[in-house]
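Next come two complexes built around subunit A: one with subunit B, the other with subunit C.
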Partner chain A sequence: MILLIPLLIFFWFPIGELLSHVSWAQVEEVILSSSFTKALLQTFWSGGLGALLSVVVATYFAHFFAQAEWRGQRLQRLLLLIPYLIPNFVLASAYVLSWNPATGVLGAHLPLPFALYSLSGLSFVFGVAHVPVAFLLVEDRIKKMDPALFEAARLSGASSFQTLRKIELPLLMPSLVSGFALCFALNISAFAIPAWIGAPERVFTLTYKIYQTLQMGGVEGMTKAPVIALVLFLISLPSFVINGWIQRREQKFVTVGAKPSAKGGSSLLSRRSFVIFQICFWSSQLVFWMLPFAAQILSTLVPPGCLQLEGLACLSEVTLRSYRYVLFELSETQVAIVTSLIYGGVAALTIVLISLTALNVGSTKVQRLRFLDWIFAIPLATPGAVLALAMIVTYSGKYGINLYNTAAIAVVAYILKHTSLCFQPLKNGYLNISPTLFEAGRVFGATKSQVWTQIKLPILRSEIVGGFFLVLIPILGELTMSIFLTSPGFRTIGTVIFDLQDYADHASAGALSVLLMLMILFLNELARWISRGRVGY
Partner chain B sequence: MKMKIGAVAVVLTIVSLGRSEASAKSSLWVYTSIYKEFIRPIEIAFEEENPTVDVQVYQAGSEKLQAKFEAELLAKRPMADVIMSSDPFWTYGLSQRDLIIPLKSGKKYETNYYSMMVMIVHKSVETSKRPKGFSDLTKGEFSGQIQMGSPLESGTTFSTVAYLSRKYGWDYFKALSKNRIGSSGGNSAVIQKVESGEKKIGIVLLENALASIKRGSPIEVIYPEDGSIPIPSMQVVTKTSGQRDVAEKFASFVMTPKVQEMLRKGYMYSVRKEVPPPEGARALTEITKNTTPWTDQNIEEVWKEGQKIKQNFSEIVLE
Partner chain C sequence: MSYLSIQRLSKTFDDTPVLKGLHLEVAKGEFVSLLGASGSGKTTILRCLAGLERPDFESGPIVLNGVELSHKRVFMPPEKRNLGLVFQNYAIWPHLNLFENVAFPLRVKKVGDSRKIEQRVNDVLELVQLQELTQRYGYQLSGGQQQRVALARALVMSPDLLLLDEPLSNLDAILREELGIQIRKLTKKLGLTTILVTHDQSEALSLSDRLVLLNYGEIETQGRPEELYRNPPTEFSARFLSKAQEIFDLKRKRQLFLPRNWSILEGGEGIAVTIASRIFLGSEYQYLAENSQYKSPILFYSPRRIEQDEVVHLQYRE
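The block that comes next holds the complex of A and B.
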């Protein structure tokens, strides 16, 4: 009840309020149009292929990061997570700058094997953007596997493939499916990537249709948009159903020890496979984000269009004008940074508390946790703009609660939208702990709260911190909800970047995005320094 | 029981967070599509002349402004006192829906400035190979080189499509589609495509083009020989405004030479004849010689045909 009542009040009621204005004729009009069917299929395929790419790449890399140790590992791990630190629209615009068909600055030297503006291009960028999300889920799972299992398999004569198929994959399956479901939900509800990569060649997704419906549809558009949002949620359902089914067997594979298994895998990984891994790692990271992002940074330092026209020759015209402007001349920047950090922090902290409460409520009952998984995933798959407008319609005082034009409405929207991102890894980590540990604690006379503070929380520490960052990062650059929910005194970094972009000042928008990323990296390092390496990535 | 109390506490905390502090000044809400950089001086100037008024501005593109206000209408709590939107058809619609009151001038809505839709070209394109007017864009030599916004996403692009479809008919757009015209986003997206050289020609607002040129963008403006397209920005006072007098005062203030000059600095054309054109732009009379002006009648027609126009464009260009 403690979770369902706020969710009912702040999510289901507003969405229901918006849907109550929909007529059946409008539903028919939306669903029966040919453009809708096309967008539906394109959403499904791009979201699915992107999620598959994320999970495959993440699993391969996680295998090494979790089982081996080498010098520079932490830096490489941080590099792997960077696509998640870059706001989606910055990543997408970096790809356009690098590989657009006419003047892509990387196109001539390093062509992609497919057209960027296509379904394949869209799926690829989705995949790149969400590799870190899948990686964090899978890596954690592998870390908690006992290396003795693999050694035993090898000693019994099992080949690498047999070990993978019969031991590793079954143990990993819940995390793989969770990762796929989460990435799929993120892909199908994403807006910036389809807008930059899909729209130029008319590869429209449902989120883009929603955007169009809201932008120019007037009052009718506002009521049609939630219909499309509902369909969007329905197509995310199968992945969550399969996820739920897989996780019914979750408790078969648990960690009995309180500590994650020690890394003993380095001996399991041959030198050859490690070298191949390093080659794959650096080449993929170069293509995935290093080169495009380097081009993007360079474009913020030179006059507009110079990079495409003159290539590296325009390095002679390097200027910090954009950075000077956003840092010292644009008064909104400082306000936005402070506001984003305060309210983003409040939202992220609340999400962690909600997730822990959910674990307490769900306890070790998989059915309950699965149900909570579902109810948190629904807002995640709901496009931000629809959620924001539903909140405006409901919480402007019509029903006695007036949050409109206050920071609270945005904080609530952030919490609703991002809880699933924190809950998923926390839940997976929680289910990975054997209930016998809790029982042992109780047998020795520990109270419920002592079991939490002395057993559960210490074991879940990395998931809690990871979850906090996993939600804080997208909130700092959040745009689609913030643009509708801004109020006097409430400006976020995302909305300032949007304003600059809207005013066609792409260099300044890019500069602020780079600063946002540096800020996130700084926060991460600060957290590590304060906690002596126990907190942060 | 503890849990129920907890749930109530969470809700109450959020609700109490949401209480806004009362201000000694009266708030006047202005919803506008004028860029922040240019509305801010107007806001300050009005507050200086009216110290008891605190002007609160919601600034966004006409589409987002529209979505926000419609959401407020659904909530039966519209906030805006004054709306200044670059979508004249939606603003006209507000008057037809009986949501606004007459201004001091006696009009229900009035144009407070003009934005102009023109063409831009990447500076690497030779002068002899540039289009001279909108009608030239259907020529085969420009195939794959043109970019425009989407009327499904941008209010000013919608106005442009409405204008061109009335002037040249839908066959014009069939020819543009055959010429593989790109159509997505709004004016900012068009400028980005052209300044990066991805497309060579764009249909875009003059104010965006001039501001980008000032920032060093490698684009040049083409004033179409068949007439630049005027996008009138309209201002209205809402019927639900709690302080109509102040709202009307603000609307009148926007029409003063002082504010019109401020708008000119934002690269917009003043409605006052004595105010010169924006810096770097040609005179309004010169660039609209061949322009068919908007009248109340054709604004009403476009307002009524809005959905049909978007549908036609989608079928011809976007599908």
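The block that comes next holds the complex of A and C.
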């Protein structure tokens, strides 16, 4: 009850309230409009194509990372996961700087085979942004497979390609479908990438449509936006259901060998395929994010527009002016950094406390913990724009509580959206501990609370501190909900970057993005160090 | 009156009865082994004694040294029972070093000042010969050392009852024998009432004063190990403890033989058998021998080496 009541008040009730704002007449009006139909189709196409790209690239890389070992593997793995750590809007703005049709700094030397501001461009950036998500899922699945399965195939006469096609891929199929569903859900819920990449050429998706409708303001905006949000919620639900169903099925068919983590397949990978993998890895990473980020960083170190006009000749004019400006002259930045850290910290701390309470409620009962996992996962699967809009329609004074234009509404939304990210690793760490350690505490004289304070918390210390950073990182880079829920008195780093970009101050937006990127990488390393590698990437 | 009394102990998990109204009395200072196959309920008895499981409502009382641990609505929580328990996986807390693991029961129960605690811990560690390794953590200890830490932690509070849950099962054969002897010596020296749970016949036979054989949640039989081994009172105990062999004669009459009761006779008397197979066990050989009286080969042991196809004469002594 201690967990269910807040969830009812802050999640299910607002979702219900959002639904109550929708009438058939509005649904008809919105759905029959051609702009909505176009946005819906573009959401499907860009989300689907992007997810397909993510899964294909991720599966190829995961095949090598899970089965082979080589010097520098950890660094390469971290490089592969960078787009996951960096907020979407930072990635999107780097792409805009690099390949925008008018002044893209990479366009002349390394043109993309399609226009960036197009459906293909949007799908491509979605794909790049979520390769790490699919990679983590598929890699985990391959690691859990018994290497003997592949060795047996090779000994039976199958070539490495046949082994991949006839053994590995069929076994991986549930994870591939699950990865596709997850990436699709993330793509259709994303706001920043459509705003940066799609909007300039009017390739709108549903999330951007909600934002646009709300920007219109007035009664019309407030009545149409819930309809679009409802449609977005409904099309994101199947992904959640498919994921849950596949995960349950996978648990039934997990093949565990004598040494489940042994990289037994490494000897079966040919040198030629490994060299091709390395070429693919480095070239893809260069295009996916290294060159765009290098251009982004470089553009913040030279006078505005110089890179576009003079290319690398600008290096003679290196200056830290943009950084000085955003850090010391732009008061909004200082306020946003402090606000993001304070409120992000409060939200992350609350999430850790909620997760610990959930562990206490769940005890060592796996079924109960799985149920809690599920109820926390629903807000995570709900698109941020839907959640934000539901909060706005419910807590804008209608029921005597007016949180709109306060920091509280954003903090509550951050907590709802990100609790699952902390609870999952914490739960897994908890279940990995033998219950006899806790029972021993009781037998040797400790009360229930003493078992918590003297045994459970110290053993879980790394996961707890790591979990704090694991939710702080996405909260710092959050934009989708922040853009709806922030107010003049409450600005986050993300919304300030969005505004700077909107005012065409690319140099300042870039400098602030680079600072945010460094902050996030530092926090990730801190999480890894504190948790001795158990949390973080 | 017995020191530990368990009356009509029942425990059901999801409608499956694991213990079925079991009675057990244990005298002070006695070393009792609960022996049984997987699912016989031996660990559940231990967990009910420790307070880690609550017996079914219809169970009778569990009384230790005149104090009721559980009965109907009475349920003393585990931390109040003053028991020592050695877990099968030892349950060494990974965030505490060896010293702190052993000191934990004294600290949570606030037994004396830190000097007194240190003294007591050092005394117990000396008893299990671990006084040199106090700063080490669980992962820095061998299996045998971890087992001794678990034992020291169970002994540090001078428990009213020592419970051992298959404490030797994770160790290699030599260490198992060595530590088994050490446990026996320590419990005798300290006069501890001990209950050992095990599925290993030789462990139960060699360590205990009394052996309790369990069969699907009920006590099949109990008694002194030598008695039960030599004269198992039931068919189940004969099979489980003495590896009794079921053989049919030519008239299809079923008979039960204890392999240890067969002996080789010199001079052509007894049943003539032909050696079909031989396995070397170290101190003796195990043989399977074909014969004309029984439909299946006879299993017997002998220190003498006999070649395959050789004919010998066997005699069975009840």
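Definition applied: the second predicted complex is superposed on the first by the 332 of 537 C-alpha atoms of A that agree within 3 Å, B and C clash if a C-alpha of one lies under 4 Å from a C-alpha of the other, contacts with A are read in each partner's own complex, and residues count from 1 in each chain.
Just so it is clear, a residue touches a chain if its C-beta (ideal position, glycine included) is under 8 Å from a C-beta of that chain, and two chains touch if they have at least 3 such contacts.
Quick caveat: nothing in here was measured; it's all calculated off a predicted structure.
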item: First, second, both or neither for A:25, with subunit B first and subunit C second; value: neither
item: Which superposed partner A:75 touches (first subunit B, second subunit C, both, neither); value: neither
item: First, second, both or neither for A:108, with subunit B first and subunit C second; value: neither
item: Touching partner for A:501 - first (subunit B), second (subunit C), both, neither; value: first
item: Partner chain(s) touched by A:199 [first = subunit B, second = subunit C, both, neither]; value: first
item: Touching partner for A:440 - first (subunit B), second (subunit C), both, neither; value: second
item: Contact breadth on subunit A, by residue count: subunit C or subunit B; value: B
item: Interface residues of subunit A shared between complexes with subunit B and subunit C; value: none
item: Sites on subunit A touched by subunit C in the complex; value: 434, 436-437, 439-447, 450, 454-455, 458-459, 461
item: Complex interface listing, subunit C residues touching subunit A; value: 50-52, 77-79, 81-85, 87-89, 91, 93-96, 104-105, 108-109, 153, 157
item: Touch list for subunit A against partner subunit B, complex; value: 1-3, 5-6, 9-10, 18, 21, 34-35, 38, 96-97, 100-103, 195, 199-200, 202, 204, 211-212, 214-216, 218-219, 221-222, 303-306, 308-309, 332, 357, 361, 385, 389, 392-398, 401-409, 411-412, 483-484, 486, 488, 499, 501-507
item: Interfacial residue positions of subunit B with respect to subunit A in the complex; value: 3-4, 6-8, 10-11, 14-15, 17-20, 35-37, 56, 58-61, 63-64, 66-68, 70-77, 79, 90, 93, 122, 124, 150-155, 158, 182, 184-188, 191-192, 195-199, 208, 211-212, 215-219, 306, 310, 314, 318-319
